[in-house]
Structure formats: structure tokens, C-alpha cells
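Each chain gets a letter, A, B and C, in the order it is written, and its residues are counted from 1.
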Amino acid sequence: MEVTDIRPMLAPMISFACAGLVFLMGKKPFWRNFWSLSAASLKLLVVFTMLPGALKGTVYVFRLVEFTPGIGLAFRTDALGMFFGIVSSMLWVFTTIYAIGYMEPEHAQVRFFGFFALCVSATVGIAFAENLLTLFLFYETLTICTYPLVIHEETPEAMKAGRKYLIYTLTGGAFVLLGTVLTYQLCGTITLSKPGILSLSAGPAALTWLFVSLIAGFGVKAAIMPLHGWLPSAMVAPTPVSALLHAVAVVKAGAFGILRVVYNVFGVELLRQMHLTTWLAYLAAFTIIAASFIALFQDNFKRRLAYSTVSQLSYIILGASLLTPWGATAAIVHIANQAFSKITMFFVAGAIQRKTGKTCVHELAGIGYQMPYTMGAFTVAALSFVGVPLFAGFVSKWYLSLGALQSGQWWFALVMIVSSLLNAGYWFPIVYLAFFKSPPGARLRIDEAPWTLLAPTLICAAYVIMLGTTVDVPAMPFSLARAAVQFVFGM
Amino acid sequence: MLLWPHWLALVVVVPLAGSVVTPAVARGSGRVAGRWAIGVMTVTFAIAITLVLRVAQTGPFSYWFGGWEPPYGIEFRFDEFSAFSAVIAFIGLLAVIFSQRYAEQALSPKRIPYYYCLLMLNLTGMIGFTVTGDLFNTYVFMEILSLSGYALVAVSGEKTAEMAAFKYLVLGAVSSLFVLLSIGMLYALTGSLNMADVSARLTAGVPKLPLIVALAAMTLGYMVKAAVFPLHIWLPDAHAIAPSPVSAVLSGLVVKMGVFGMLRMYQIVYRADVVDLSVLNTVLVWLGAISIVMGAFFAIFQDDIKMMLAYSTISNVGYIVMGLGLASQYSLIGASVHVFNHALIKSTLFLAAGAIIHRTGYRTLTDLRGVGHGMPLTGGAMAIGAISIVGIPPTAGFLCKWYIALGAFQAGRPFFGFALVFGALFIFIYYIRMVNAFYFQEPVHPEVARIGEAPVSMLAPMLILAALCLVMGILGRIPLSFIEPAVTRMLATIGG
Amino acid sequence: MIEALWTNLDYAASVVLFSIGLYCVITRNNLIKKFMGLNIMETAVFAFIVALGVVEGGDAPIMGADASPPFTNPIPQALILTGIVVAVSTTAIALSLIIRVYRQTGTIEADELREME
């Protein structure tokens, strides 16, 4: 059932207005924090008011403007979009609290919080985009608005990373636009409201080019190897940015775009006939393993996190390219699972950096004595990534393996196991260092990060456990993912 | 209304008379000349708007001078493409308003009346060029706008201004001669100078070779005017050195006259349908694509902000020429509308750049670091212009490029759609350099970041234009559907 | 071939003139000589168009008591009058620009000017 409702547009607009207010009144810390926090909460509220309807299968639609027939900006909350929208608006709240604490000694905070809000606005816009053009618009907005955050330090290193980021993502954006034009040319519409709009009659060559173009475009942000180069260098950004943008907003926007391409532009049926996703699955599997290997050898904490992100994102791609219901379920729920686990880790890395100035793994010996709660949260996230049952990551791996078996490609289940081992290989040493290795020199007292940093970390860690133990956590409705899968597979 | 029957002639006569008498009216006072110019351009704009409304309601219409029927008399013909005259009058008006303070600072008081006289003469030439239905008239108006253009480039008195103007003059004059030669040949072939009549008389009996030579000469001439690569060499210097309001007019409008001439030529030969245009089209498509890339490529290495904008004009004309060459319904609509929209966008950018140079006295990106903080509104207008010119929705630049890209697929040449999208990417890169410099880099001159806004007479025109860049994007359907009948009519005779 | 050239001698002459002019514009180093090349081109085009209107044995098309057909075509002549006016204006602007270039830099040789930039 489709209902015209302004709320799908309201959600991105709230963050957008927040950015405006921050730019106007943000000189005073109070107003800056006030607007950021209240907008974050308000948006979460708006998104949640749509949840009951969305669970019942109501789809809210809002058409903002139509440039020419069929080409315009429109918003729509189907199950898949709703899922991504909830994850990102929820994490915005936590990250805002964290950022207020973290950014206190930093310069140019008005710019930071303003563009931060714009990025979140763009992310929700991506989640609720009704057509490819709206998706592209917000995708590009996200690219541009992230740039000032990446170069926040304004050091030569940051500028270089910013340039690299722009070159990668803008090229990706150009491919997305190309794909959008081609889609319109091939089938006269660019809507994302159907389970696939293309048909085989468009000709296999054109369809192949279109698929490559769209996947390459979104794949840049989803950091599929070999398009991942920007992600590790973008880690020069302040930690809240790395946390929200490089664990949730930017990279997930890419992954989400790929889900849209697979499920809503091409449709599962067509892709099955064309065997286009086989190579994508292999590429994703390769990325999962290779990025994990690289992560093993990273000493810089945030770089290790970055490569882990590269590896984890490909779970989503792999899940999508299996073209089975279980695989799709895994891909969708992994959006939330990875986001909460990874953001916990980033929060931990930031808290440690702020508290002790340590940025490298080998310096972390005994840090668990000093910051037990923080490192406790880290352990939870690490267990989740390794895929221990009762933690969020297990759910994704379980369904992904089921999906692989369902499609008859059992070797992808093996990839899951290898990946688990590798994850253990690069996360457990940190846990070991933190808790079982005495710190050099004097024994440390408990000296935790301030509550603005600690509270979001602990809440996110708690969520990781909740996601792993109860399939239907109130905020992360598994049933939404199920509804999305049913829609896509026509069940 | 007594004048109503002559309304179409008035759109040329008013600015022409207004400009010629400017020095007499002003009697040496720059202020009076400025006010007078505003008045004249306002009236012209009002007349042009009524004409556009009329063409939207009733379709194309004509005016015969002295009541002489074509092909014997001279005909003004106002069709959908002629609506560009309203854009000319509008941007002219804004440029004149912008000039009020600018001229006071940049020119000696005695010369200000002549400056306005030249500027309005230039605008008159363009308006005439867009509304005339007579080939020789085209040449005359083209010369009016070119000659005043040469003088306007030199007016700034900068060190290299004369040389830039001379370069512009030589190439401009040579190109005009090619056009005149072609007009002469068309006259020899058909015995008529009226465009519609020429088109009707170009029947299968007309010898092919001279006709092809004539068309080639005309295209060559107009390509110089439009600054299509590799005939662009005159443009960067001339546009960068001219006073900023003049740059806005030159880059936004004058360059378009070359494109407009090609459009008129296409109207003639499409209707006649006697020669195979595929070779010409292929040449245009390739040169267009190369222009896009080369213009963007050179722009990346410019430090002078106006030089960068000038190279960006070459890229954007490349889009239009490519759209013409693709010759499909979509691409022609896209190209024609981009003629309008690019005029708005590039004027925004040049006026904003002018305001910045006026306030700070610097013109390189390095010197201007941090200026976005000192001049937030100007910086904002510049940013909107930049977004539009890259073609990000929902701004004015988007729909045209979308249509041209669609046209590339429609014409079965996806490669050019590809070239277009990646050209946009290139353009993006150098505008990001600009934004970077304005907002995110440490100022070289600390005072630049605290400079304060430009005066209202500069701010208002560029903010209006910036707003239009957005409005034309959101209401993009209106110009597209406005132009569509003209394109359909143009393509009708070549069998769909 | 030769015959065709001979019957169209006027056109051929225009083409030759035009080429000479273009050659001058491109190759001459001195700004005034460059511009003289342009003037030659202009003359070529004007001659070409005027020649279009010639009618074998035609009179000047002036109405009067003793006027008798055939007349030469008056339209090209009218056009070229306009053209000449344009050409004169172009020349005036060009020369004034050259004078200003000379006053500012002391030279009107294109290569020396390029070196100064």
C-alpha cells in the first residue's frame, strides 16, 4: 500500500536544516551542540514514527519535483530503505554525542558539525531515494560533504587523502550517472519501486555494460577491491568521522547502492538468467580474504579498522550476489550488524587516542587496566566480527553461509570460515595485549574516557549483543529485512 | 497601441538608438550614462519578454521591414530559438547594473559613457542576430557585436588587453569573412538571402560541391566565433582580460552567437534536405568532445580565476556543439537549452569573480585563498554557479547534460555519452580546486578572509542569476518543452 | 578544366586573393602586415560577391528615362557597400589597437610581443 506522506522527505530535510542552523549560529558551542543533538533526536523520532506503518507494509511516498516526466526527485520508504534509514539515523545520535566530546579541543567546529549534518542528510536521502536520480544526487552530495570532514586537519597529508578520496568517489559518481542515463534510455524509467525494471529485451551487451557501470560506480564507495584505495588513506579524518562515515554512511551508501542495483534495477530473475553476479561474488570473496590479510599486518589501529571495513563490506556484496533469499537476508542485516560492531571499535580507537594519544596497536599493552569498560566494548565487537554465536556478526555469517549453500556454491561458506579465522587473527591480539599483558612500567589506575565518549561506546556494544541474541531487536527490525527479501524475491 | 505592429523591430531599435545616443545623453557624466543604460536595457528586456510570451502562445511570427514581403524585403523572424534575445537583454541588464560601481573604479570618468555605448551596441548586435531572418542581416549584426566586442576587450586598459583584443579581432574578422563568403555563395546558388526562402530554393538541382563548400565555410567561421577547439586560441586571453561584466557578456552570450549561427544554418539545410550532413555532424561531435576534454584539461592548470572560467566556457561550448552534431531529438533540445542555461551560469560565475576581484584586487586562486569567509554571499553565488556548471541536479546545468547524454544513446553513440559524463567529472575537479582555495586553505593574504561583501549593485545581479540557476533547474521542464516544437520542426523534414 | 577556369576567371581570382590574404594573416610577424592580409581577404570576398551580380552587357540599375534592360543585379552591390563600411570600421579599430600596443610596448612585432608576456 502506498501513501503520500511528507515524512520520507522530512527526514533528510531535518539534518539539512540542522546544517543550516549550525552554520548560522554555530559559533557558540551551546547552540551548535543543541541543534546537532535535537536534530538527531528529532530525525530518529520521525523515522521511528514510520516504522509501525513500514512493518505493516505501508510505503510512504513523497514526490518533491519532477523536471520532466519520469525524471525528478522523489522519496519512498520501502523495507530496504527503511532498514538503512533507521541504522543511519540511530547511529547519528550516538555519534553526535561522541563527537561533541571528542571534538572539544579541535578547530573549525562549525564547519565540522555543519558538514556532518549534511552528510547524514545525504545518507538518509540515499536510503529513501525513490529513483536512481535522487539516489545519485544524494550520493554525490555525500561525496562532496564528506570532503571537508576528511581534510579537517588541513595538513598536507589530510589534503592528499582528501584529493585521493575525491578522485575515487567522483569517478564512481560519474559511472553511476552514466548508468542512470543508460537505464533511462533502456527502459524509460529510473524508479526503484519495483523488483527489477530492466528486461532481457534490452540486449545482453547493453545490460552488461550497464551492470558494470553501476556496480563500478557504487563499488568505489563500497570499497570492493581494487577500488578500495581511498578508504585507508581517508582515516586521517577525526575519529567520529571515520566512525560514522567510514563505517556507516559513506561505505554503506555504496553497499546499499549495489543492493538497489541488484534487487531493484536489474532484479533477481534477470541477473540469474544473465549470470552477471558470478564474477561479482568471486570479487567479493577475494576482497574478504585479501583485505583481512592486509589488516593482519597493520600496526596503526585505525588502518587495521579500515581494512577490516573493506573486508566486512564485501560480506554485503557477496550476500547480494548470491541471489538467494538467505543471502539477501544476510546482506541486509549485515548493514546493521557491521555498522554497530565497527562503530564500537572506532569509538574505542578514538577514546584511546584522546585519552592516551596512542594510535598504534603495539602501544596498547595493558590498556585494559586503564580503560576496562572501553576495552570491554572492544572485546564485544571483536567477538562479533569473529562470528561467535550470541554476537551480531554471527547472524550475518550464519545466513550468508546458508545462502551460499542454497545457491549451491558451498565454497563461499568456506570463505566465511577462513574470514572468521583471519578476524580472530587480527582482533584477538589486541584483546590479549590489552588485558593479559602488563603495561610497561608502573601499574595503571583505572582512568576512563569521559562519559560523552564512553556512553555511546557502551550502548553500541550493548546493541551488538542484542542484535546477536534476539533476532527482532526493537530498533533493528529483522522483520523489515525479511519483508524486503520477500518483496525482492516475490515471495 | 500604435507601436504594437512594430514590436519585433523595436527589440533591436530601442537598444540601438539607446546606445548611440548615450554619449550625448550623458554629456561626460558616467553616473548619468549608467542610469540611462539601465533604463534602456530594462525597456529592451520588457519588449523581449512580451515577444517570448507571444511566441509561446502563437508560435513563430515575422516582421517585414517597410511592409516589403520576403524575399524582397528584410524579415525579422521570432521563433523559439529567438527567445534567447530575452536572455541577452536580461543578462545585459544585469551586467549594466553590475557595471555601475565597477566602471567607476576601473575606468576614467570620461570614458564611461563610451563604455556603456559599446556594451549596449554589443547587446544590440546579439539581439539582432537572434531575431533576424535574413542571411546578410546576420552578417551585419555579427559585425556589430564583434566590433564592439573587440573594443570592449581593450577597454580595461590592462597591459596585455590590446594584444588580446587584436588577437580576437584578427581571428574574429577572418571568421566573419568566411561567413560572408558562404552567404555570397548561398546567394549565388539560390538567388535569395531570406533564410526560409534559401531553404526552400535549395532543391535537388542545386550543384552539390559549391553548396558543401559554402556550408563548410560557414561552419568554420562560426566555429571560430564559438571557440571550438582548436579554434579557441583567442578566447582565454580576451575573456580573462576584459572587465568582468564584459567577460560575463562575452562568455555567456557572445560565444553563443557562433553556436546560434550554426543552429540557423542547420535550420536552413535540414529543411532543404539536399546534402548529407553526416560528415559535418561527425566533425562537430568529435570537436565537441575534444573541446570538453581539452577545455577542462587546460582549466585545471590555471591559477587565474577568470582564465579558468574562460577555459570552462570552451568545455561548455563543446557540450553544445556535441549536442548539435549528435543531431537527435534529445541532444538538440539539450544543446539548445544549454545555450540558455550556460549563459545564466557563466554570467553568475564571471560576475561573482568580478566582485571578488573588485573587492580584493587579487585574481589568482593562490592570492584569493580564504575569500569565501570574507565574502560569504559572493562565495555562495560562485558555489551555486560551480555546481550548476558541473551539472549536478537540481541546478540548471543538469537537465541539458542529461538530455545531451540521452541524445548520444539515442543516436547510437554511447561513447559520447561516456565522454560527456567524464568531461563533467573533469570540470568538477577544477571547481573543487576553487572551492578548496576559497574555503579550506590557509589564506596567503590574511586580510582577504576578512574583506567584507561587495556593494549591492554587484551583489544583486549575481544573486539573482544564482537563484535563476537553481530555479531553471527545478523548473527545467519549462525551457525544454518550450524549445521542443522548434527542434521537432527542424528535424521534421529529414524523415524523423 | 582550363575552360571552366577561364569562364570563371573572376571567381578564381577571388579565391587566389583570399588565399594570399589568409597566408599573410597567418605568416606575417608585423601586426600591420597581418592586418593588411586581412584587408586583402576582405577585398577578395567583396570582389567575389560583386562579381555574382554582373550581367553580360548589363547597365547600372538606375531608373531613368534612358534606362533599358538588362541591368546588373543591384543587391550584391548594396550588400558590399555595407560590407565596405564594416571593413573600414574593423580597420579603424585594428589600427587604433596597434597604435596603443606600440605606445605601451614599443614594438608591433608579434614574436617580440610574445617574449614580453
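Quick note on the criterion: a contact is a pair of C-beta atoms (placed from the backbone, for glycine too) under 8 Å apart; a residue touches a chain by one contact, two chains touch by 3 or more.
Just so we're clear, the structure is a prediction, and the values are computed from it rather than from any experiment.
Contact topology of the protein chains: linear, an open path with no closing contact. Here the chain at the heart of the shown protein, by mean C-alpha position, is B.
Rounded to whole angstrom, the centroid-to-centroid distance between chain A and chain C, based on C-alpha atoms, equals 69 Å. Chain A and chain B have centres, each the mean of its CA atoms, that are 45 Å apart. Distance from the chain B centre to the chain C centre is 28 Å, each centre being the mean of its Cα atoms. Contact with two or more other chains is made by no residue of chain B. Residues of chain B that touch chain C in their complex: 136, 139-140, 143, 147, 150-151, 154, 159-160, 162-163, 165-166, 169-170, 173-174, 177, 180-181, 184, 187-188, 193.
Partner chain B is touched in their complex by these residues of chain C: 18, 22, 25, 31, 34-35, 38, 41-42, 45, 48-49, 52, 75-76, 79, 82-83, 86, 89-90, 93-94, 97-98, 100-101, 104, 113, 117. Residues 65-68, 71, 73, 133, 136-137, 140, 147-148, 151, 154, 166-167, 170-171, 173-175, 177-178, 181-182, 184-185, 209 of chain A are the ones that touch chain B when the two sit in their complex. Across the interface of their complex, chain A is touched by residues 392-394, 398-399, 402, 405-406, 409-410, 414, 417-418, 421-422, 424-425, 428-429, 432, 439-442, 473-474, 476-477, 480-481 of chain B.
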